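Once you scroll down, you'll see the structures, which are given as structure tokens.
Each of the next two complexes has subunit A plus one other chain: subunit B in the first, subunit C in the second.
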Partner chain A sequence: MGDQERNPGAAAAAKEAAVPAEAPAAASRISAAEVEHVARLARLELSPEEKVRFTTQLNAILEAVDKLKALDTAQVEPTAYAVPMQNVFRPDQVRPSWPREKILQNAPEPQDGYFRVPRIMEEE
Partner chain B sequence: MPAHQLAEMLRRRQISARELTEAVLARIEAVDGQVQAYITVTADAARRMADEADRRLAAGEGVTPLTGIPVALKDNLCWDGVRTTCASRILHNFVPPYSATVVDWLIQAGAVIVGKTNLDEFAMGSSTENSAFFVTHNPWDLSRVPGGSSGGSAAAVAAGEAVLALGSDTGGSIRQPAAFCGVVGMKPTYGRVSRFGLVAFASSLDQIGPFARDVEDTALLLQAVAGHDPLDSTSVNRPVPDYPAALRQGVKGLRVGVPREYFVQGIDPRVEQAVRGAVARLEKLGATVTEISLPHSEYAIATYYLIAPAEASSNLARYDGVRYGYRAQGAPDVVAMFSRTRAEGFGAEVKRRIMLGTYALSSGYYDAYYLKAQKVRTLFVQDFQQAFQQVDIVVAPTTPTPPFRIGEKADDPLAMYLSDLFTIPANLAALPAMSVLAGFTEEGLPLGVQFIGPHFAEERLLQAAYALEQDLAGEGVMARRPTLPVKAATA
Partner chain C sequence: MPLEDYEIVIGLEVHAELLTESKLFCGCSTKFGAEPNTHVCPVCLGLPGVLPVLNEKAVEYAVRAGLALNCEIASFSKFDRKNYFYPDLPKAYQISQYDLPLCRNGWVEIALPPADENSPARTKRIGIIRVHLEEEAGKSVHSSETIVGSEYSLEDYNRVGIPLIEIVSKPDIRSPQEARLYAESLRTILLYAGVSDCKMEEGSLRVDANISLRPRGATEFGTRTEIKNINSFRSIERALAYEAARQAQVLDEGGQVVQETRAWDELHGVTVAMRSKEEAQDYRYFPEPDLVPVVTSREWVEKIRASLPELPLARQERFQRQYGLPAYDAALLTETRDMADFFEEAARQWHDPKAVANWLMGDFTRLLKEHGLEVSQSRLRPGHLVGMLKLMEKGVISGKIAKTVFEEMFLSGQDAEQIVKDKGLVQIADTGELEGIIQRIIAANPQPAEDFRKGKEKALGFFVGQVMRETKGRANPALVNELLRKLLTAGQ
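This part shows the complex of A and B:
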């Protein structure tokens, strides 16, 4: 359905995706700095309280999911979809798309038939 | 009264669709103040659809088993022109410009849509406490949760606020609330029902399915929504069987497998007793029962809580305040606008899963977490392949416990995740699975039993569930309904 392609800032996020050098504390799986880094990748502003809480909770969850490491999966192929599936083609035909007015009805800030957003480029 | 009986009365013109719809709207008016199953009640549209159904019934044209039957939709299913919120602040004002395929098909069948039901925000949760708007209460005990994430749909059917309902199931979100509310809920095989117009959570796991009072109604609603849809490239082009015809075939000779791993992990003894009781009934009716092994069961939660958040973090990237939904005001640049819109628009559980999923997909951790989980997913597929060489269906608990109290697990995400322990494997392996009533606790809380089948074996599940239900009905178990204090009707 193409759901996973529509990712705003995906290219920018990928560029930033290298993990910061700071190593997590010995006992924890994810450090506060990594939580901040992941929040930036996810375009999610976190409050100071959320940073503390998510660091604790994500550590607990990651500790729980670490039990997968006990399984030897060296010879196992990954599964993305668990029913047999193949690529589906459709005829390349021109079809009517949604009327612009109907789509813009949901826009927080429509202007002249466009979606208006805050400044993207830096000002000199 | 179940839909199949109401449909008969509608066809004989003993009641009109308008009368039935008014009765359901009156019931909502009387009890929804306490249950809080609905985010939006579409009374005007329902009356119009009921009148249209009455025209069809009078003319005897285009009449289906769902014509004139009041149905509720989980509020993550798009309906053209009707607010669809996903119980999230970020979509609080979103009005979809199109309908989900299942909604179109229900309308074509002549069903009457009475409203949009509450859910955990973006279907992430197991109690409907994660709704950004309000908590839904279990009609059997208002101090307890209805389960989740489709808690509003399950509670609406249990409380008589809808005859049928649709939900969605990513890790148990139909079956777990069905068990907690004492109704029937089915997650069909992945691809059996189109997902077009279902707001995406985890695309490789999500599946739409029916809620109903009984197994026969479940078959009727499944019949109406199953089928191939060119608008969903993962929907399967394969003939749809006659589901109601499968019901009365009995279970003589059916090979039932009971997985031993589902009875060791902190299961409540009342749940175990109810499930073992259901298995004994099937055996009495002629099924053969074997203990089987699904050896990787204990890894279900860990696998799911990597795959589902990873897919969710990608799917939910679209909520950025540009094209629809909530937008934070006053941000100096576009990245700050994205980040603040998402900070203000999403609730805690959604943020937690976006964080977890983004981490599991990020450079340096992808192999250790996401790829590892996809490999373990293969082991789940293989576990069931081996099981279905020995048996025709697997019978197991739906949930480890009866419905828990509101607030009991709200502050502990891991404890909440554990309530999906027995439902997740069917999503990982794309299998059809359903929950039906197995009995009640001493204090009157419903207990569910789960049937899991091979791919596209929905008929077999319905057949076994129907046999169990008929046997329980003989002892009056099915006749029990929640008693709710009824508010006097207002003019």
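This part shows the complex of A and C:
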């Protein structure tokens, strides 16, 4: 999460206000609590205003998707894929990896050729 | 109530790295032991704009493993994203398979130890729910001994993207010992199938165990815990025995087993709770949009099936039937395909398969271990062993000398005849030559000779030892005994 979200400045607040923060419609498909849950899973920290805004927007998206239900799909096979392709393979051949300096280029704290990361588990 | 009154229910999840040269979705090398982060590319890191492309060999190996484990192979299979945050997973998702794994509904037969020596061997079938293909995560090096105590960790992403199969068993396992036998059988089968090197010490085979207890006769499962961090076959049995006793105690004290992940602590021989999850795992699986589905043809699957070798249990049974080996020997010799092949090549050329088995299980196994070698790396080949057995049968060398010759063959790769000739190891079976040596020894040791004549049988052992020392073990033992008795009593 960037600093902007953590410390919403005046400009950001003004922008928030510009978005109609209407309460979710009664028939809403997704609750504010669900938005919070999903945000937590994605490690996103949302301000109260953002929670309202995203709840509204996500509901609008779901409503739009609902329109697809009008189509008769009785004769269509269910699929997870939009492109009718299968079995795209590569042969088991080794190709050069990248130089380590390039791999570590974006690491904030490289150390001895590793990516150094902060504490993984809190002490109980 | 005592642990015996509970039924233990165990299921294992086994991960095995596949033996491909390159990773599952990119061309980076899978070789073990490289400098950190030198087998990494943008695909491994999941940098924007990259696309994974599936390694065909990995799919073939996964199917091969599935067939060896008696699974049905899916004609249509797909990949899914499993989303979670952990530092060893740079993409923040693992490409795995969720609802349409490559293989389902298999089984492994394990050989249970017979109740006693005279009982027949028993086998038990352990069901396999699924075998799916997924990518490996990276390796974390923690700044202090334990992850909890570590202020920071160092991440090596060389392992990221190495192809893995996950083999999920049914909860058919009923004891820690069965769990170990099942894991060992899996290892043997995967080695035979040639799909993984299954080295637990290098992490290419990993075992997680789910275990619960229920009163005998109950049909509902109890609450289970998952045991991780098991690092050897021996630990499987130890960790599960500990955990079963722990759960029994919790239940006996009127408590409830908490569903949680526990880590096996090898040093202290206990399992400890890893931080329990505040919220249920929510991986938000969805179909991997960067990959297309895998469709397997019946011809392809049957071609792979036809290329599988005879599998361990079948071979073990045949070794008992065809070569008359005891079950124990057959099990030991079929543990690896290379050892079983070695045995068969030698046994085909020699009339006494049990003698071949003894040399392989004894001196050969010991020498391999001492020198840290695999059967395939041994300079001693089946022909060498047969050559030596021939010399023994002809009486050219004694059993004792044979041990020296065997070790020499192992070290130099020379054949037995050459070694016996070069080192002058031919057995002395010449009565005249031995008589001379024995007379000299008796003359030099009047006291023990006197003892023997007075009926002290033990003194004979002394003389045998002296003769063997003098001849460097080359004297024919039966002849030495005979001549000693004759010459020691001759003067009377």
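Just so it is clear, the second predicted complex is superposed on the first by the 88 of 124 C-alpha atoms of A that agree within 3 Å, B and C clash if a C-alpha of one lies under 4 Å from a C-alpha of the other, contacts with A are read in each partner's own complex, and residues count from 1 in each chain.
Everything that follows uses one rule, which is that a contact is a pair of C-beta atoms (placed from the backbone, for glycine too) under 8 Å apart; a residue touches a chain by one contact, two chains touch by 3 or more.
Computed from a predicted model, the values in this text were never measured in an experiment.
In the superposition on chain A, contact of A:Gln93 is made with subunit C only, not with subunit B. Of the two partner chains placed by superposition, only subunit B is touched by A:Glu77; subunit C is not.
Of the two partner chains placed by the overlay, subunit B and subunit C both lie in contact with A:Met85. In the superposition on chain A, contact of A:Ile103 is made with both subunit B and subunit C. Looking at the superposed arrangement, the partner reaching more residues of subunit A, out of subunit B and subunit C, is B.
Of the two partner chains placed by the overlay, only subunit B lies in contact with A:Ile30; subunit C stays clear of it. Judged by the touch definition given at the top, the superposed model places A:Gly113 against subunit C, while subunit B stays out of reach.
Shared-chain residue A:Pro48: touches no atom of subunit B or subunit C. In the superposition on chain A, the residues of subunit A touched by subunit B in one structure and by subunit C in the other are 41, 43, 80-81, 83, 85, 88, 90, 98, 103, 115, 117-120.
For subunit C in complex with subunit A, the touching residues are 20-22, 26-29, 35-42, 45, 53-59, 78, 83, 85-87, 90, 140-142, 147-157, 275, 279, 282, 284, 287, 291-295.
Interface of subunit B with subunit A (complex): residues 93-95, 97-98, 189-191, 195-196, 200, 203-204, 230, 232-234, 236, 296, 298-299, 301-303, 305-306, 311, 313-315, 317-318, 320-327, 331-340, 342-343, 346, 351-352, 354-356, 358-359, 362-365, 369, 371-381, 413-414, 428-431, 455.
Those residues of subunit A that touch subunit B in the shared complex are 1, 3-4, 6-10, 17-19, 30, 34-35, 38-39, 41-47, 50, 54, 57-58, 60-62, 64-69, 71, 73, 76-83, 85, 88, 90, 98, 102-103, 105-109, 115, 117-120. Considering their complex, residues 37, 41, 43, 80-81, 83, 85-98, 100, 103-104, 111-124 of subunit A touch subunit C.
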